[in-house]
Structures are given as C-alpha cells and as structure tokens.
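Below, chain A partners chain B and then partners chain C, in two separate complexes.
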Partner chain A sequence: MKLLTAERIRLLVPSMSLAVLLVAVFWLQPRTMSYTGLNLLFNLAVPIALATVAQMLIMMVNDLDLSMGTFVSFVACVTATWVQTDPLIGFAILAACIGVYALIGALIYLRNLPSIVVTLGMSFVWGGLAVLLLPAPGGVAPDWIRAIMTVKPPFAPMAIVASIGIALVAHWLVMRSSLGVVLRGVGGNERTVERAGWSVLRARATAYALAGFFAVLAGMCLVGLTTSADANIALRYTLLSIAGVILGGGEFVGGRVSPIGAVIGALTLTLAASLLSFLKISPDWQIGAQGAILIIVLAVRLLLNRSEARGTGQ
Partner chain B sequence: MSLVRQVFGKPWIWAFLATLATFVVTILFTGGASTVGLAQAALTFGAFSVIVGLGQMFVVTLGPGNVDLSIPATMTLAGTLALKVMETQDGLIWLGLVVTLLTGLVIGIANYGLIKLLRIPPIIATLSASFIVQSAAIWTNRGIRIKPPELLAQFSTASTLGIPNVAWLALVISVAAWVALERGIYGRFVSAIGQNMRAARLAGVPVDGVRFATYVLCALLAAITGFLLSCFSGGAALNMGAEYLLTSIAVVVIGGTAVAGGFANVPGIWGASLFLFLVVSMLNTYGASAGVRMLLTGVIIIGVIVAASRRPAR
Partner chain C sequence: MTQGDNPVISVNGARKSFGAVHALDGVDFSVRAGECVGLVGHNGAGKSTLVSILNGGLSPDSGTLALLGRPVERHSIAQARSIGLRCVFQELSLCPNLTVTENTRVAHRSLRGFGWRGRAARLIKDKLDEIFPDNGIDVGRSISGFSIAQRQMIEIATAFTSSDGSVRLVVLDEPTSSLDAGLAGQLLTFVRRFVAAGGAVVLISHILGEVLSTTDRIVVMKDGKVVADRPSAEFSTESLVGAMGSVVRAREARAARDAAASQTAVLSHTSAGRGLDFVARPGELIGLAGLAGHGQTRMLVDLYMAEGGSWRTPAARKVAFVAGDRAVDGNLPLWSIVKNMSVTLLPEIARFGLVDRAAEARVTADWHKRIAVRTENMDNPILSLSGGNQQKVLFARALASPAPVVLMDDPMRGVDIGTKHEVYAMLRAEAAAGRTFVWYSTEMDEVCQCDRVYVFREGEIVAELVGNEISEERILSASFAEKAA
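What follows is the complex of A and B.
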C-alpha cells in the first residue's frame, strides 16, 4: 500500500493553499476562529462547491460549460418563484432543465460541436429565461430550503459539514462507482471506451445530466442562503467553477479530475475573497486577484510535476 | 450551372443567405420604411464584430482548443486607457492609438506567455489573463465616462459614399486578412499548424513564432475594436466588450471556419456578423422583450451552428 498515490499528490497543492489561506485569515482576524466565524467565512462556499462539482463533471469529458453561471441563476429564480408557490411545477421545471443538459451533451457529441460555443449560446437561453421569470430581483426562498441551509449541527458549522458531504458524495460517484470509471474513461480515451462496448453517447449525456443535477442543487442552496433571487445572482459562478476545478488539481483533458480537490478549490476561492477584503484590497482587484491565484497555482503545479518527473527519471 | 454549384459550395454562402432572409423579414415588418437605415446600422455594428471576429478566426484556425477568451477585457481596457490619455483633445489622437496598440501587444504577449510557460490550454490561459485585464479596466475606468476627441467621434459615426467609416476600416482589415490567409505565407503556416501541428513542425514551420504572432494579432484587433467602439459610443463602458465574447466565437463558427482548425474563411465572417446584428434588430422590430430577445438569440445561434456543422467521420 503506497502512501503517496498519484491521487493524493494531486490533492497536496489544493490542501496546502487552503491551509495557508486559512492561517492567514485567522491571523488577520482572530475572531473568525469560532463556530459562527467559520460559518460566515464558508457560508457562500456551499453553492460554489456544488457548481464546481458540476463543472468538474463536464471537464471530465473534456468539455467546458460556459453557461454555468446563468444556469445557476435561472435555477435560483425558479426556486424562489415556482418551487415556492407550486412545488410540483417547480420541480418539473428543474427536472426538465436536467433533461436539457443531457440533450446538450448528446448534441455536442453527435454533431461534434465545440462545447464552449454551444454552452455560450445556452448561457443566452438561460439568461433570457431568468429575465422573463424575474425581470426585477425578488421571489422568496421556500421555508424548507431556508431551514436546511441555516441548520446548526453540533461541533462543526453547516457550511463545513455540507462541503465534506458534497466532497464525499462526488468522490464516491466519480472515483469509486463503475459509472464514474466509464465517464472518466470517456475523457481519457473515447475510442477505447467505445470499443469496450460502452455507449459514448449515453456516457456523455449522463455526465451532462449529472452536471445539471449538481448545478440545480447549487441554485437551490444559493436561494436558501440569500432568501431571494435575481436573474444575475450567480453570473460569476461560470468563472469561479472553472477556477475551482483547476485549483483543486483537475486537468483540462484526459478525464483526470479530483472531486475532493474541486470542493477544496471552491473553499479556497471563497476564502481568498474574504482574505482580500481583510487585507483591505480594493474590490476593483478582486477578480484580478482570483486570476493571479489561478496562475500561481498552475505555476506551482508545473514546478511540482517537473520535479516529480525528474525524480522518477533517475 | 457550374458557377451556381461553385458559389453554393462555398462555406460562407449560408451565412449570407441567412443574412438576406433576416433582412427581408425585418423590412417586411417595417414596410420598407427604414431599409437604408437598417443596412447602415448593420454595416456599422457588423464592422465591430468583423474586426474582433477576424482575430478570433486566426486563433481558432490554429487547431482544437485554441480560442481567445480575453477579447472582451482587452476591448474594455484598450478603450478606457485610450480615452483617458487623449483627454478629449484632437491633438492627442496619435497617443490614444499608440496606447491602444500597446495594450493589445502586452495582452497578446501575456496570453501566449502563459500558454507556453505554464503549458496550459489557451482557454484557461486567456481566461486567467482576462481576469487581471478586467480588474485593470475596472480600476482605470472608475465609472467615469470620458468623451472621445471630437474628431474621432465624428469619424467613427460618419459615412463615406453612403457606407459607414468603420465598415470601410473593417473592409480594409478584412482584405489584408484575406491576402495574408489565401496568398501569404502566414496563412499557409496558420492553416498547416491547425491541420497537424506535428507535421507542420517537421515541415519546418516556425510553430511557436506563428502561434505567438496569432495571439498578438488577435489581441491587437480586439484593442482596435475597443478603441473604435468607445469612440463610436461616446465613451468607454465597463461592460462594452461583454457581448463580444459570444459574438467573436459565433461569427467564426457560423462563417464557415472549421472549429477543429486548419481552415479559415474571411468572407464568412462578414456574413455571420451582419446576420447576428440583423437577428437582434429583427427581434427588436417585432417588439420582443429583453428576455425573449436573449432567449431567441441563444436558440438561433445554437440552431445555426448545429445546421452548419457537418458530421465528421469518426
């Protein structure tokens, strides 16, 4: 039993960055070192973590979803309106959305389209639907979602417990279940999977449907935290989710992803935003700082990969 | 007969047919009242898409995974900086142009530097770079709207021989791009890299140099568009580049350039740019609300891309 498997090394960089950031935040603002403090720090990380897992499922099959932000916003609008007033219709709409995601996955494969173009087009579709549903900010979060999101478990705050839960479920789904192996195989070598008798079409549609499912959860959680919705509520999730997957050690091609890493990546990004405000850095540079963090992490990973390659070469 | 077949065999013909159809449908509604006005508006706004689209076209032609996502941020930063240094004085226009070109140059170098040094896919490299550029734009803009110099404002809104000046400019750039692509060594190099990078390298194509030049060219064209657009609209706005992310990619794909790289097409960029503008104005003429307009734009773009795609042999 090797202690340092490739999977664990992959998790090393994201875990270290999270730890460093956490120490920095504690040092700058010691009051965050409490149950309430931690909850406040990581509260908004739950929907981001879910969206990141959704993006990871798409990146696993070598695609990229540029409609993630508008889709989560749309789900938030549906949750704050239909799910609240007519749960049956609301859930039917959300189920249909997951169906649309599966269809897009199938379409991209069947016509060999570039995923970024199709999902950019879809971002207009979701954005338009969200504006039609809620032209002005409003709606009310259903009470039961609100209750779930504000529950206070013993020992650790909800945000931490939920993040660990999401990481474990996603880890089991992607790394341990047989479905996950096929899906990662599609990202690794599509033709091999096809020759082994699996339907690539079905696998890709499944990956997209699963991504849609996690994105729906992200939108619902977000509304549970914000209590109302708006058509632009989650636009930055597109970039955050992609950055989260990469920070968490996911690769862009080859089906090499890390669900636990993705959740850690999402937590890191949330924490980075808090750190910047504690450092009194102008909000103008918030997005830029996220870009810089992304570049630094990629550079560190490149250095690690190089030293690893040198180590095995000797 | 062979002439007809030859014309209909061109990949760009569909974009122009779609443009014509949209134009007729819009004119039918207005009863021919604003034919000239609509054509002029289409040429003006189409021109901006053409210039950014040409840059994106060369990048996409470099092969799968090559796309520049930093175009909107580049446009905004170039427009903002240029207007700032010109201080609304006609005598400082040369300085504005120099700053515009420098902005494009620096961003292009940064983009390719990230791709090459960090060995990351262009999508992620240009995305991370765009975060930083966007922050720089927010920081320099500060919500203050600086007017363009009078001379530039006049030039960019006026027409010569009944055709808008910006359209003339786009035409000149297009002809240059066509010559470079179809008659020059640069176009051969770009297409060769897109068809097979390894083969191109073995054949002695300076792969790194050509890719570097292409990313710089794309950033330069985006900067010029940002400059023109901010002069045309009487000042730089932070969100002015936002819609050009989808537009630049969509005009390339709809225009008949191969998404997988290797085959570029200049006339198609014009057809697709005019088409995209006319779709939006058609929806406006028919009184569609903002939500419906977004929704239909997304659906039409995806529809056209699906229709235009040829199912490749697997």
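What follows is the complex of A and C.
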C-alpha cells in the first residue's frame, strides 16, 4: 500500500490550504480563535458548502451548472415567502424544483445538449421567477429554519458541525454507496456503464435530482442565516461552487470528485475572503486576491500531481 | 452439452446497414454451451457489428435472434446480460476514475446494500487469482493507476465474475492484444477450463495460432458475410488466411516505379529496433496496411509531428495531412467551402496580413473545377455537402498547399464509390507529378492501389511489399501473426 495515492494528494492540498489560511487568520485576529469567532468565520460557509456539493454532483457526470447561483436565490425567495406562510405549497414548490433538475438532466442527455447552454438558459428562468416572487428584498425566514441555523451545539459551533455533517453525508452518498459508484462511473466512462446494463438516462437524472436537493438545502440554510431573502442573494454561488469543487480536488471531466474536498474548498474560499478583510485589503482588490489564492492552490496541486505521475513512471 | 441442444445465442439472416455500407449481409451465427468459437476476418468484415448485435447494443435491420432456443423480439443489453452474456471489448472499457472493486459493482446490479464493497472485492479478487495467478493487483486502487495489461486482465476477470445467475457466454474481442505471452497463456488455459465446465466463449483475435489452438470451431467473415464455418481442426494458418481473402481482384496496371527507388527519401522514420524502417521517396504512393489500430495512425502523426515544428518555430510546410475523421479533425463546420479549402493556403494568398479575397476565390474556383465538388456556390457552408464531397474539399485543402508530401489517415471512410474513383485518379495524377502520398487505409482495394505497402502489426512494420508483391493474401498473412506472441 502506498502512502500517497492520487486520491490522498487530492485531499491533501485543500486541507493544507485551509490550515494555512486558518493559521493566518488566527495570527492576524486571535479573537477568532473562539466558539463565537469560529461560528462567525464559517457560518456563511454552510450554504456555500451545500451549493458546492450540488455543483460537484453535476460535475461528477461531466456537466456544469451555471444556474446554481440563481437557483439558490430562487429557493431562498421561496423559503422566505411560501414556506413561511404556506409550508405545504412551499415544500411542493421545492419538490417540483428538484423534479425540474431531474428533467434538465434527462433532457441534456436525451437531446445531447451542452449542459452549459441549458443551465445558462435556466439561470434566467430561475432569476426571473425569483424577481417575480420578491421584486424587492424581503420575506421572513421560517422560525424553525432560523432555530436550526442558530443552534449552539456543545464543543463546536454550528458552522463546524454542519460542515462536517455535510461532508460525511456527501462522502457516504458519492464515494461509499453503491449508487454513488454508478453515478461516478457515468462520469468516468459512460459507455461502460451503459454496456453493463444500466440506464444512463436514469443515472444522470438521479445525479441532477440529488444536485437539486442539495441546492435546495443551500437556499434554505442561507435564508436561515440572513433571516430574509432577495432575488440576487446568491448570484456569486455559481462561480464560488465551481471554484470550491476544483479547489477541493475535483476535475471538470472524468468523474473525479471529492465530496470532503468540495466542502473544504467551500470553507477555504469563505476563509480567504475573511483573511483579505483582516489584511485590510480594500474590497476593490479582494476578488482579484481571491483569484490569486485559487491560482496558487491549483498550481501547487498541479506540481504535486506531476511529481506523483513521475513517481509511478508508467 | 449441458443446455440440451439449444444454442446459448443464435442469429439467422442478420442484416445491418450503416447508410450505404452493408456491415452485415445475412449472417447466421450460433454458439452452444461448452463450445469455444473463433471469429476471424479482416477490417470491416463485420465482426464488431456482429458482436454488438449479440450483446444487444445494436438491433439488426432484419433477421431473427434466439436466446437459449427461444426467439426474441426485441433484444437489449439488459436481456443479454440476464441470460449471462458478457463482452470484453477491444478498446478498454473500465471507468478509469473508479477502483477495481467499484468497477465490479458497475458490472453487477446485485452488488448493493450493506457490505457490497467487501463482497465485490472478494468476487473480483478470487476471479483474478483464478485466471491470472500471482497477478499482484490491489483491488482498492483506481484503474487510472494500472498499466494497459493490468487493465485488460481486470476487464477480462470482471467479465467472468458471476454474482446472480451464471455466466454462460463471454465474447472476448482481442483479449490478448496487450498481454505478454505468459499472461495470454494463462488466459487461454482458463478459457479451455471454462468451456470444459460448460461455458461458451467467442474468441476474436488477430493471432491465428491462438485461435487455432484454443477454439473448437472457427467462423470466418468477409464483407459482412460468413464465408467459412468449420471445426478448427480442419483449418491451418494458410487455409484461414485464404478464407479471409478469397476474392482475387484484378489489379489496375500501374506504371513501374523502379526509377523511384534510386531517388533520395523525402521522409523517413527509423524504428527503434522494432520492425522495419519507413522510407518515402518522391512520387510514390505508399500504403500503410494491417488491422485497424495497429500503429498506422500513430506513424502518420509521428511523421507529421517530426516535420511540424513548434509554436515558436513554424516549420517549412513539408507535409500536409488529410484527416479521416472529418467531423473531429477535418471540417471547420461553421465555415464556408471556400474558407475550409483555403485555410492551408493563407500564407500564399495573404498580403500584409490580410487575406486577398480575389486570390482566394481564384485558387478555390480552380480546385472546384479540378476536383468537381458538387455545389453551385463555393460560399455555401461545408456541411451542406455530402460526406464524400466534404472529403474532396479536405483533399483539395492538402493538394492546394505546396507541401511535397501528403499524409492520409484513412480518408475514404463513408465515401461513396464514385467519389473514391475520382480521388484515386487525382492521387495518381499528383503522384506522377512528383508528389508523395502516405496512405493509411482499412480497405484492401485502396491499399492495392499503392506502389509500396508497409504492413503494421502491434505498432511495428512487419512487412514491406513492393509492386506486384502487393496482394490481399500477402497483406492478410502479414497482418495476422502465425503463432501466439
């Protein structure tokens, strides 16, 4: 057994970058090294982590979801309005949304469409629906979601417990379960899966539906944290989620994904923004600096992968 | 025979056409339990199409199919698997991102629920050890970390594993192509054991020695038909080769090219100790033959790259390339015919970095006449043309360039016979004018048009045939190895 397999390297880099950022933040601002501090640092990472897992499920089958941000915004609007006033209708809408995701997955496969185009189109649909629902920022988070998001577990703050929980559930679902193997197989070699007698259509629809489910959770968590919603509340989630997956060791094609890595990637991205604030970098430069951090991490991973490839030398 | 006298699978009068190409033209084929059937034939004989029909991937245009003696209306992959039919395909088909254990899970529906991982690991490990003792494969690692030979071993072992219902028939398409002699021997021994225990195997291989020694019966295909179906004992290597290429074609008279031999090479490729060297001289029409995927395209790409320069130092354009896969490597699908044709000519027809439209129109109009592209207007999009005419445009693109050597990667795929003959004539005229052509083709009559033919097997040149030596039989016997590697 080798100690440094490709899979472990894939997890090593995001974990190291999170650790480095965390140490830097603690050093710059020691007061973050507390229960409340950690919760404040990371609580906005919970919905991002869920959206990243959702994006990862789509990237697992070699597609890309450019509607993630507007979809999470739409879900947030539904949660702050219908779920709060008429829970039954609200949940029906959210369930229908997951169904729509499954349909999109099926459509993309059946008509052999580029997922980027379809989801880009869908992003306008979700965005439009969100504006129809909440033309101006408003709505109220249902109390029970609010309660869940502000719960104070012993030992570790909610943000940390939730992130670990999301990572474990996603890891079990994607990496350990027998269903997850088939779904990853679709990303790795669709023909093999088909020749083994599986329905690729069903597998892809399942992957999309699961992604829809995690994205719905992301929207609901977000409202629980912000207490109200806005049609543009989560627009940056599209790129954040893609960056999170890549940062966490996932790849655009080939079904190579890492759920734990994706969650760590989401935490890293959130922390990078905080670090830049602590460094008193003006917001004008923050997005550029965030990009620079991303490039550095990816460069390190590339170097490690190369040395690994040279090591096996096949 | 354990299943009575019913064949595991049988097809009668199967026909399948892809456009104008008759891949299968009325084929009868059946396999009984306890039988190992060899299936041989040259490129395009219809072997792969037949296998796809057996495993439910394709449905025949006409003909009947029966599983275990019962006629089947609509065959499917799931149905084929349910009666215990497995295929190992020539191109490796495992999921590279999954571990060996996980690939076993993909192959078996029933491996699910609590503890599936352990059961899958045991299943594949036992089978690997049974077929290939001392293989040293760690089933917890992902496929991308294994060598080609190990991947092939894993794929073969996966096909023979059974979780629910037994494995009745395994189709092995070139299973030994990347195994060394020892491993190939282990596999063939296992195949005999499997058959002796009542299983059935269809073995497709280019190594005639192993087909003759392992199988009970050999089916020879040619041009979509079964041309021979006899017990293996009645065949010898010579009679097999004879059966594969029995039709004698009248060769078109070709001008003697003895003079060419004295000229210096325009292009050469030295093989690093494996097989023969490659040399091309001015005015030659050189064929690359052999079974598909035995290194011909690799050679063309190597030749092109050697002359291609790099992005820093663009090469003096000595070679032009005609791609075979039009949709992937050839067409610029959004462009007009004119632009598709002139793209290699741009340095000649540009002035101060701007394309001289008048010169472009002049040159392409000239080629429009010379190669007779069937279109009213050369400004139409390239995709408005038929496949054959698109290919003509790609030929014109290469021929219009000043390059003295043209490499062709099986460019006539899916081209109708009329267009082919026009192109052949064009090639001969260009060759007479001193241009060199290196032509990889999977079709025998195209290879027979050449002045000199290199036959490829397993990535190396195994034979060089000149002039009158070029015959279907010589090429076939060189492409199929006589003995197991």
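Definition applied: the second predicted complex is superposed on the first by the 308 of 314 C-alpha atoms of A that agree within 3 Å, B and C clash if a C-alpha of one lies under 4 Å from a C-alpha of the other, contacts with A are read in each partner's own complex, and residues count from 1 in each chain.
Going forward, a residue touches a chain if its C-beta (ideal position, glycine included) is under 8 Å from a C-beta of that chain, and two chains touch if they have at least 3 such contacts.
These numbers come from a predicted model, not from an experiment.
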Report clash or fit for the pair chain B and chain C bound to chain A in the combined superposed model. clash
Based on the superposed arrangement, let me know which partner A:Leu294 touches: chain B (first), chain C (second), both, or neither? first
As a test of reading the superposition: which chain, chain B or chain C, is in touch with more residues of chain A? B
Determine, under the contact definition given at the top, whether A:Val181 touches first (chain B), second (chain C), both, or neither. second
Between chain B and chain C, whom does A:Gly254 touch in the aligned arrangement: first, second, both, or neither? second
For A:Pro154, using the defined touch cut-off, is the partner it touches chain B, chain C, both, or neither? Pick first, second, both or neither. neither
Quick one: is A:Thr192 in contact with chain B, with chain C, with both, or with neither? Answer first, second, both or neither. second
Pick the chain C stretch that clashes with chain B in the superposition, from 189-197, 333-341 or 423-431. 333-341
Residues of chain B touching chain A in the complex: 67, 114, 117-121, 123-124, 127-132, 134-136, 138-139, 245-246, 249-250, 253, 259, 289-299, 301-302, 305-306, 309, 311-312
Residue numbers on chain A that touch chain B, as the complex places them: 64, 107, 110-114, 116-118, 120-132, 135, 239, 242-243, 246, 252-253, 282, 284-292, 294-295, 298-299, 302
Could you please specify the touching residues of chain A with respect to chain C in the complex? 1, 5-7, 176, 178-179, 181-182, 184-185, 187-189, 191-198, 254-256, 312, 314
Contacts from chain C onto chain A in the complex sit at residues 55, 57, 77-78, 81, 87, 89, 93-98, 102-103, 105-109, 111-113, 116-117, 138, 141-142, 144-145, 147
